[in-house]
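Quick notes on the structure that follows.
Each chain carries a letter (A, B, C and D) given by its place in the written order, and its residues are counted from 1.
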Amino acid sequence: MYLKVRVIENRFVGHPSQKIYRLVLSGQLALKAKPGQFIHLRVAESHDPLLRRPLSIAGIDREQETITIYYRLMGKGTEALSQIRENDYISVIGPLGTSFTLAQKGEILLIAGGIGIFPLFSLLEAIDRTKVQVKLFWGGEHKLFLESAGLNYLQKLGIDYELATMDGSLGHKGLVTDLLQGYLEKRALNSNPALQSNRGLAPLSAAACGPKGMLQAVVNLCKQHEIPVEVSLEERMACGVGACLGCVCTVREEGGILRRKRVCKEGPIFAGEEVVWDDEI
Amino acid sequence: MYLKVRVIENRFVGHPSQKIYRLVLSGQLALKAKPGQFIHLRVAESHDPLLRRPLSIAGIDREQETITIYYRLMGKGTEALSQIRENDYISVIGPLGTSFTLAQKGEILLIAGGIGIFPLFSLLEAIDRTKVQVKLFWGGEHKLFLESAGLNYLQKLGIDYELATMDGSLGHKGLVTDLLQGYLEKRALNSNPALQSNRGLAPLSAAACGPKGMLQAVVNLCKQHEIPVEVSLEERMACGVGACLGCVCTVREEGGILRRKRVCKEGPIFAGEEVVWDDEI
Amino acid sequence: MTKSEQSTKQNKVCLETKLNGLTLRNPVLTASGTYGFGEEYAPYCSVAQLGAITVKGITPLPRLGNPVPRLAETPAGLLNAVGLENPGLEDFRKNYLPKLAALDTAVIVNISGFSLEDYALLAGTLDEASAEYGNCIKALEVNISCPNIQDGGMAFGTDPQSAEQVIALVRKNTKLPIIAKLTPNVTDITEIAKAVESGGANIISLINTLLGMSIDISTQRPVLANKFGGLSGPAIKPVALRMVYQVFEAVNIPLIGMGGISTWQDAVEFMLAGASAVSIGTANFVNPLAPLDVLHGLVDYCEQRGYKASRELVGLAH
Amino acid sequence: MTKSEQSTKQNKVCLETKLNGLTLRNPVLTASGTYGFGEEYAPYCSVAQLGAITVKGITPLPRLGNPVPRLAETPAGLLNAVGLENPGLEDFRKNYLPKLAALDTAVIVNISGFSLEDYALLAGTLDEASAEYGNCIKALEVNISCPNIQDGGMAFGTDPQSAEQVIALVRKNTKLPIIAKLTPNVTDITEIAKAVESGGANIISLINTLLGMSIDISTQRPVLANKFGGLSGPAIKPVALRMVYQVFEAVNIPLIGMGGISTWQDAVEFMLAGASAVSIGTANFVNPLAPLDVLHGLVDYCEQRGYKASRELVGLAH
């Protein structure tokens, strides 16, 4: 869809130093949007900044017909976006791209690095937690960041989570992948071959979003433990609809042949195993 | 001065179709500004539109320390300006350029074409009308324009004016220079050589602002009637301070030598007789 | 305005655009590399309303193109270094052409080579292929101007002799109308334009992108993996317009103008400068309806000024 | 931050800029034609803090320049066609040079000619004139790149042989350091750069403006009275940066980079690309403090990354 939508809210959340904003948009988008998809937003009417900006859909409210976005101020695009006021209209293309597979039973591990938590919010909302057990690992710079980027929302949801910070100010001091690794190793130890049938009952899957390096580590861990994982990739985008070939990633097809896929069209959600990381080419 | 000044008012005046705005700015500018000068205003922080926009100072309130500008929406610069809200700060260079000579006695004729009325407002304010008799001629597209661009302000001031409109919807149907010509011819007829001494008592001068063609006609009429006239010129500007040589006009110096003068620095107010019009080169 | 009013409106101004062997229903096209293979924008903008679409540059063999980052935004501009990623001639013929043939618009295929043989092969094969699918290719656009590949491409477009040679060879291998696409990265664009005219081009399209770069001051490396990229978008419009104006005076074949067109006013400027048709590239990314906005604005402009046909505008600024 | 803190700060990073015979206190200059004769911006920006100012191009005889309109704004850019309006050599010598000599900054004089003799005359006369006024001219910038005049100017800058010839002739006529200013309107900037290096230039400055145009769709005429003009400002930055990067690899003399620099980040990009100094042009029109903002940002960048001297940045992106 290509629409002008009304801005219901566009404001700063959390601690000012973390520069995180919540944007709530009204419109039919909400009826179509799926967790993991993104919208492509025009942040200004002038030619500078020129391009639209891709932002993940973090919340979908079909009743109110609203979607929620969280974004961090980075450069002039997000800066321009932050100037838009409530009740202004902005031009949106979307929802775009692929979505996360919704687990129907068993256990799902969610792994987020930094603002990679945002697309996972909409997945969290969509998962039927009466049937699927959710475990979330989230790493960030420090406590202040995690608090500003939605920690209390996680607490409200009442899901099971573990945190990591680079400076140790909250949770584990170190990488979020340390947490994942610890969890998977403990789980492997506990898994009694005699109980293998239980495994079948609770299929384990994972979904991750964050910096490329983290995603690569997550995919490797999941491979070791034979867990299917979906990753949400980011890449610089121009068109957002598959026309410019600006936003590709590399995938390996059967037979080991390398191919490009467009993050905006065949992604942003990819099966972890197909992605070929930059240092592997 | 190069300042960030606060916007006290920025709104639409008159009939919407006429797209005229009043902008009131707070700051020390007001202490220095003189009638005829202009400010050079940054209308947006982005690179598009890139350049500042020159706008005449239409009102100076030294007590409140404010200046008033009137502008008409033309293209993307004035469009961007119109989006600026009250209490925002904008970057201003000014006051810039030369100012009108303030008549101290006698009679002054003011001739305005279209939005050329705006700089004359500040001159009107500054003239001591207990000593100087003012007569204003103003021409515009139609009644709606004149009403939107400040007719009631003129009425409030209680000065003597004559109007012309292209469609005859108010005042004389035709050009403002028709009015001036009529006035000057009548005056010439009435001027009794016997009373020539009176002339000395009431020296006549003129000031004009408007499109180039109108100014040229005004200057010619004033030449015929030996009346010194000052004109306010407009030209596309980049720097506004005399550095880029973008905004020149041509003047004739003693000996008939042609020279360029910068409208932003040696102008915008020029002695009518020195200006060489485009079709005279 | 309702749709039917809109179409009545368009009927009042003749939009038919005859380009020396290529006839289009209107003069608004989309530019190669910015419109995929005609499907991507279909949900937003009906190709049936476009004069033509130009597909991404095709090379004899499939290409993965350059690594990412391939894009960098600049003030009013976009740098890209896609590096001619494309499925290659055979895959294009088998899997893309049938779909293109089904579109209700004229299709122009953009071709790029690394050697003279490449261009000959592309021209010959596509000529045949078009015939197979109901003559669905209306013209070949010969890209002698791609800045994002190491050899070939732009090199052909910066030297008049090579430019003429490439076009002459393509001419030998196809009966389709030939559009020669020029690079702006030259000292004298009129020289190259005259050369491709001599070589037998029916039409000239200009401009391709200006060679540029951007540096990331935090990593101290070029932003684009390919170092350099092609600059497009509103930033380059004044250069593009100047070149169209110059080439219009230098040759006798029609021009397709492009480079930074994002509004109907821009398009009118290009037509006044001498373009018989215009292509919309980067602007699609910002506004998927840009081609239609351009078309409707053009019609209004003609109507308001009493032109009966949009072609009357061509070259009026001279 | 108070002024004294600011100056302590600057002292921590060495800014001295040695350009093959021309030594400046810092690497931030203002570009010819955008800074008048050093007086116009004095109320807003202290020239004492600048590395140097470059004055408007001087020709042997006074010139009225082109008629108006001389300016047209474009997306993130500015077209100008001033046409080298200037007081001429004699008036410059008598009435401008004494005032320039009194400024507390290095003065670079930009010269433009229509023939080889013009350049010889300008170089010889200014060499003498500088000596008369306490050697106040620190370098001559030889403009072989002005797009706004009918003959000469840019023509010298688009052909390697002519470019070398002009510079060699200037070399013979002056002992002052020579800055050769290149036009970007060429197929291969490195060729011209090598030519002026052979000709004896001490320094290369680049880029001058890109040739462009704009058309008024209501009058259907070019906006500029001169038809074409030179495009400057942020729009051209990617092209300028690419050329600095290319020329840095092609020659062994230092470069002054310019073209669209409006922030300190832009300036850092140019230095990383290979510019030993940077010039601010069009950005002055938007922000008269742009040169100082650039300078302060550059100092902070160096400090935060532990560089002791700004010259350490030069060419790091290669």
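Note that in this section contacts are C-beta pairs under 8 Å (C-beta built on N, C-alpha and C of every residue); 3 or more make two chains touch, one makes a residue touch a chain.
What you are looking at is a predicted structure, and each value in this text was computed from that prediction instead of being measured.
Separation of subunit C from subunit D in touch steps, taking the shortest path, is 1.
Note on chain placement: the centre of subunit B and the centre of subunit C lie 48 Å apart, centres being C-alpha means.
Between subunit A and subunit B the centroid-to-centroid distance comes to 58 Å (mean Cα coordinates, whole Å). Work out the mean CA point of subunit B and of subunit D, and you get 37 Å between them. Along subunit D, residues 72, 74-77, 233-235 each make contact with two or more other chains.
For subunit A, the set of residues touching two or more other chains reads 47-49.
Taken pairwise by the contact criterion, the protein chains are fully connected, each one touching every other.
Partner subunit D is touched in their complex by these residues of subunit B: 1-2, 42, 47-52, 77, 91, 93, 235-250, 258-260, 265, 278, 281.
Here subunit A touches subunit D in the complex through residues 47-48, going by the rule given at the top. Of all residues in subunit C, those touching subunit B in their complex are 75-76, 234.
Interface residues of subunit D, counted against subunit B in their complex, comprise 33-36, 40-41, 43-44, 56, 64-65, 67-78, 80, 82, 85, 233-235, 262, 282, 284-289.
Residues of subunit D that touch subunit C in their complex: 72, 74-77, 79, 158, 185-188, 210-215, 217, 220-222, 227-229, 231, 233-239, 241-242, 245, 260, 265, 268-269, 272-273, 301, 316-317.
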